[in-house]
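The next part holds the structures, each set out as structure tokens.
You will see chain A twice below: alongside chain B first, and alongside chain C after that.
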Partner chain A sequence: MPVILTVDDSPSMRKMVAFTLVGAGYQVVEAVDGVDAYEKAQAQSFDLVLTDQNMPRLDGLGLTRKLREHPSFKTVPILMLTTESSDLMKQAGRAAGATGWLVKPFDPNRLIEVIKKVIK
Partner chain B sequence: MAETHHESGGSSADFDLSQFYQIFFEEAGENLDLMEQMLLGLNLETADDEVLNGIFRCAHSVKGGAATFGFSDVAELTHQMESLLDKLRRHELKPNALMVDVLLESADASRGLLACHQSGNVGQGPATANLVSRIRSFVAGEVPPAAEVKPPEAPKVAPVVTPAVLSPAPVSSGGLRHLEIRFTKLDQPTQADAIVELFRDIPGLGEIKPIAVNGGAADRRVFEVQTTSSNEDLLDLFAFHVSREHVDIVDMPAPGGQEVSNDGVVAPGVSQVGIAPPAADASQQGFGFFDGAPGSPQPQGAEAAPVAAALADVGVAKAVQSAAKPPAISNAQPEAATIRVAINKVDQLINLVGELVITQAMLAQNSRALDPAVYQQLLTGLTDLDRNTRDLQESVMSIRMIPMSIVFSRFPRMLRDLASKLGKKVDFVTQGEATELDKGLVEKITDPLTHLVRNSCDHGIESPQDRVRAGKPETGTITLSASHQGGSIVIEVRDDGKGMSRQKILTKARERGLDVSDQMSDAEVWQLIFAPGFSTADVVTDVSGRGVGMDVVKRNIASLNGTVEIESSEGYGMKVSVRLPLTLAIMDGMSVGVGNEVYILPLSSVVESFQVKSDTVSTVGQGAQLVKVRDEYMPVIELEKVFQVPRYDSDKTSDIMVVIEADSSRVVLLVDELLGQQQVVVKNLESNYRKVPNVSGATILGDGKVALILDTGALVRRSRH
Partner chain C sequence: MSLQPTFSTPTVALPVMLVAEVQDSLLVVVHDLKRLDGLLAQTMENLMQRFTAASADLSDPALVAMQELEGVRAGLHAAVTELQFQDMASQLIVHTSKILQGCAYRLASDSMGSEDGDAVPFVDDVPDRPNPVTQDEMQAGSIELF
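Entry: the complex of A and B
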């Protein structure tokens, strides 16, 4: 069963994403911000990282950069889940090493659809 | 953004988002509270990036959640707040007090809207149109409209509500149009930037993209727009920001393959059911992948999958979801480890523990006669029981204890509003917020404290000019502090304002026909303001000084077994101290015997006790007795006479003196013997029997007998007359 790391500082968003993913048959690990996520990523491997952008301590871009430096996260898909859909944001995401982005708010089905494209 | 979820509700129907509402409401409430705190603490001059980012994040989180869960009114308002906060944190705008005002009001309105959603009364929330337009003008860098000007119904037609009026138009006007919109000869080009916001805010209006202007002409803006709305509608809409003569709408050839094939997919659907543009410009789909980025889907064709395939994917996803009922979410983050319990359950628990304490005391008393050698095990058990009962009682009592910060936290906002209304400058300082107090007391002390704090701001603190003239700093300080002192909690409201004028109070008291003299001590003069209807306010403001006065404050506090003391120094400020028992349910008492009766004295008011020496008591006029203790004369009260205790042994007289203190006065009680100290469970006598003079309650003793708890305040007052 693929394992997904979902990172968001908002408990309701986290629950919603986790519920959606678990319902679609994925295993989910939640993290409350970039720092928490990075710690969790040290401890186990993931098939996908789904991260919010705007978070305290370490934001989504920062997390992405750090993860890409980590040997076991060189090729793991990282999706930025963000309300900021501007081109600038996307460029920043690409530069940080993100795989793609998904604009919040999203339809739960849309999330699954996108994830299916990157997880085989 | 906000619209997408809403409009695509059909496909998310199999997700019951409502199960997350409660979490969201709590989270949003916390975020709004945090935002308010940070806004109140924001130093406008040296606005801290950290704080600005924090405030932004609060609005951002609330907006994200509200949009996701379909509370579009909250999402709209918080989106506006976010835009303003974004400019602040990027230092594109400088924060000012008016912005903080509108943000605070918006936070209040968001709370109101959320409360309506929570209770299911959608549509009854506060009107937000005015707030939205005010924030917008800040964002656009315009001179802010006066906060007071709130046209009652006018904002209904303001930009925000326009979508409701407008949205039928795009649908009826048919297919997607590709336009270039030019704004020329602008005085303030930033006004045109607000157009972008319009597209973001109005569901179904379409997509907008700025086009770089050649030659860097500062007075022009050009946008590429995809919309289904007619030119007329667009011009009407833009008119809120830019007047018509500056707008030029030109049809653009549709980019290859982007022509809309299906009229049924107008409005929000356009951006949703993505037309899968060839390049990375998939933003309209709401997602996208970077070419060659690590982990991106390999076959490029899959990304450009036709709508049909995407829909098929959705179908599969649905099937998976319905097949796999959601199991417990693994690794869930522990939420705040608290539970909510009905207060009557806690009270019942406290009552039961109270009974247990009494039973335990009864056992302890009866076991004293037992021979320790024979009953050693039983006595050891009883000692353990004693200790455990006490621990249990303490933990149970602590359930009801809540920190004073719950009360204190409401004041910064209140004072801020009040001070700006009164044109005063006030700093608010709190001390000892962690001090805990019984919940019942906290609820009852809030109103009196509010009154005191308001008084300080309204009557105490002077206007900035007056303060400067008096050689004081322009900004006044109001300090609210709480601390434990013995068995009580002392809450002080201090201000460095003008204090009270002794002369003014005496004059006013005479006007009201009160019995006063110039020889009265300061403390006695200050007590005069507790007389019903007494107010020395020169001007009756809508804040205080109207009817409900200090007498109500005093009465409320006295009903909690508390006392109020005032210290004041004209020109330098005043201090009101409220002293309250920690809890009303249990009290440390000293039991004293008179004849065959046992009375309980609150330990907190017992100062000392000693054996009577006959030569120390002297009788003055009308049979009143005084006792001299270390050069101080104190009135003597014989409990035997006060309660007419029957004496069977006529030779026996009371020969133990107990000094008690209440209302800053001391009296001496004459009793037969001191029986010991113990915790007593206070039972209300008034509600179970009737009001008895000099008695504040009753308790059940270890031997099952009832003992009266003495009202030391009443006894002290009695000695004065």
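Entry: the complex of A and C
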């Protein structure tokens, strides 16, 4: 069963994402911000990271940059799931090493489709 | 610290009482927005409990085979998109609150200074970029793969 690390400082968003992913057969590990996510990423491997952008302590772009420096996360898909929709932010996400950019709110079926597409 | 305006553009003198009233009003609005944010968070927590309970009930093996419940399951699944309203609303409220709070402190700083003669410290967390939430409706957002 593929394991997905979901990162969001909003408890309701974490629950919505977990509900969707678990219902689709994925195992989910939740993190409350970038620092928490990075610590969890060092403790175990993941098949995909789904992260918010605007979070305290370490945002999604910062987390992506840090994960890409980590040998085990060089090729793991990292999807940004955020309210941010500007081209500037998307370009920053791409430069940081993100695999894709999803703007909130997400549709559960489309989210699963994208995850199936990028996950190996 | 000097209380003289530091900008060279034309200035408008406002009565101190008017500035104080505007500042008070701004801070009241900030306080109300915080209450609204708290109410939304509490409501969302309750909604999530009911959502999780309903979802668990529908997963009961005795009900899984019931075709009559397919519509209910589909409705619950589709509600995931709308149930993200609190995250977006909260970000909007926090951003707007910080701007209003910044305006209130700026008014005090530029117009009155503090009681001991020093300027009121300017709040340092005023957003320096536009609101990240630009959505006008709760339709699913765009997806872009790089």
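List of remarks:
By definition in this document, the second predicted complex is superposed on the first by the 119 of 120 C-alpha atoms of A that agree within 3 Å, B and C clash if a C-alpha of one lies under 4 Å from a C-alpha of the other, contacts with A are read in each partner's own complex, and residues count from 1 in each chain.
To be clear about the criterion, a residue touches a chain if its C-beta (ideal position, glycine included) is under 8 Å from a C-beta of that chain, and two chains touch if they have at least 3 such contacts.
If you're wondering where the values come from, they're calculated on a predicted model, not measured in any experiment.
Touch criterion met: A:Gly25 reaches chain B, while chain C stays clear of it. Once the two complexes are overlaid on the shared chain, A:Val76 sits against chain B while remaining clear of chain C. Looking at the shared chain after the overlay, A:Pro56 reaches chain B, while chain C stays out of its contact range. With both structures placed on the common chain, the touch criterion links A:Arg68 to chain B but leaves chain C unconnected.
When the two structures are aligned on the shared chain, A:Met13 is found in touch with chain B and with chain C.
Put simply, more of the residues of chain A are touched by B, taking chain B and chain C as the two choices. Of the two partner chains placed by the overlay, chain B and chain C both lie in contact with A:Val103.
Legend: residue contacts after superposition of the two complexes on their common chain; A:Lys116 is shown touching chain B, with no touch to chain C. Applying the stated touch rule to the two superposed structures, the overlap between the chain B and chain C interfaces on chain A comprises residues 10-13, 15-16, 19-20, 23, 54, 83, 85, 90, 93-94, 98-110, 114, 117-118. Chain A meets chain C in the complex at residues 8, 10-13, 15-16, 19-20, 23, 53-54, 82-86, 90, 93-94, 98-110, 114, 117-118. Taken in their complex, chain B has these residues touching chain A: 1-2, 4-5, 8, 11-12, 15, 17, 19-20, 23-24, 27, 54, 56-57, 60-61, 63-65, 67-69, 272, 280, 283, 286-290, 293-297, 302-303, 310, 313-314, 316-318, 320-321, 324-327, 329-333, 335. Taken together, the chain C residues at the contact with chain A in this complex read 44-45, 48, 51-52, 55, 77-78, 80-88, 90-91, 132-135, 138-146.
Residues 9-16, 18-20, 22-25, 27-30, 32, 48, 54-56, 68, 74-79, 83, 85, 87, 90, 93-94, 97-110, 112-114, 116-118 of chain A touch chain B in their complex.
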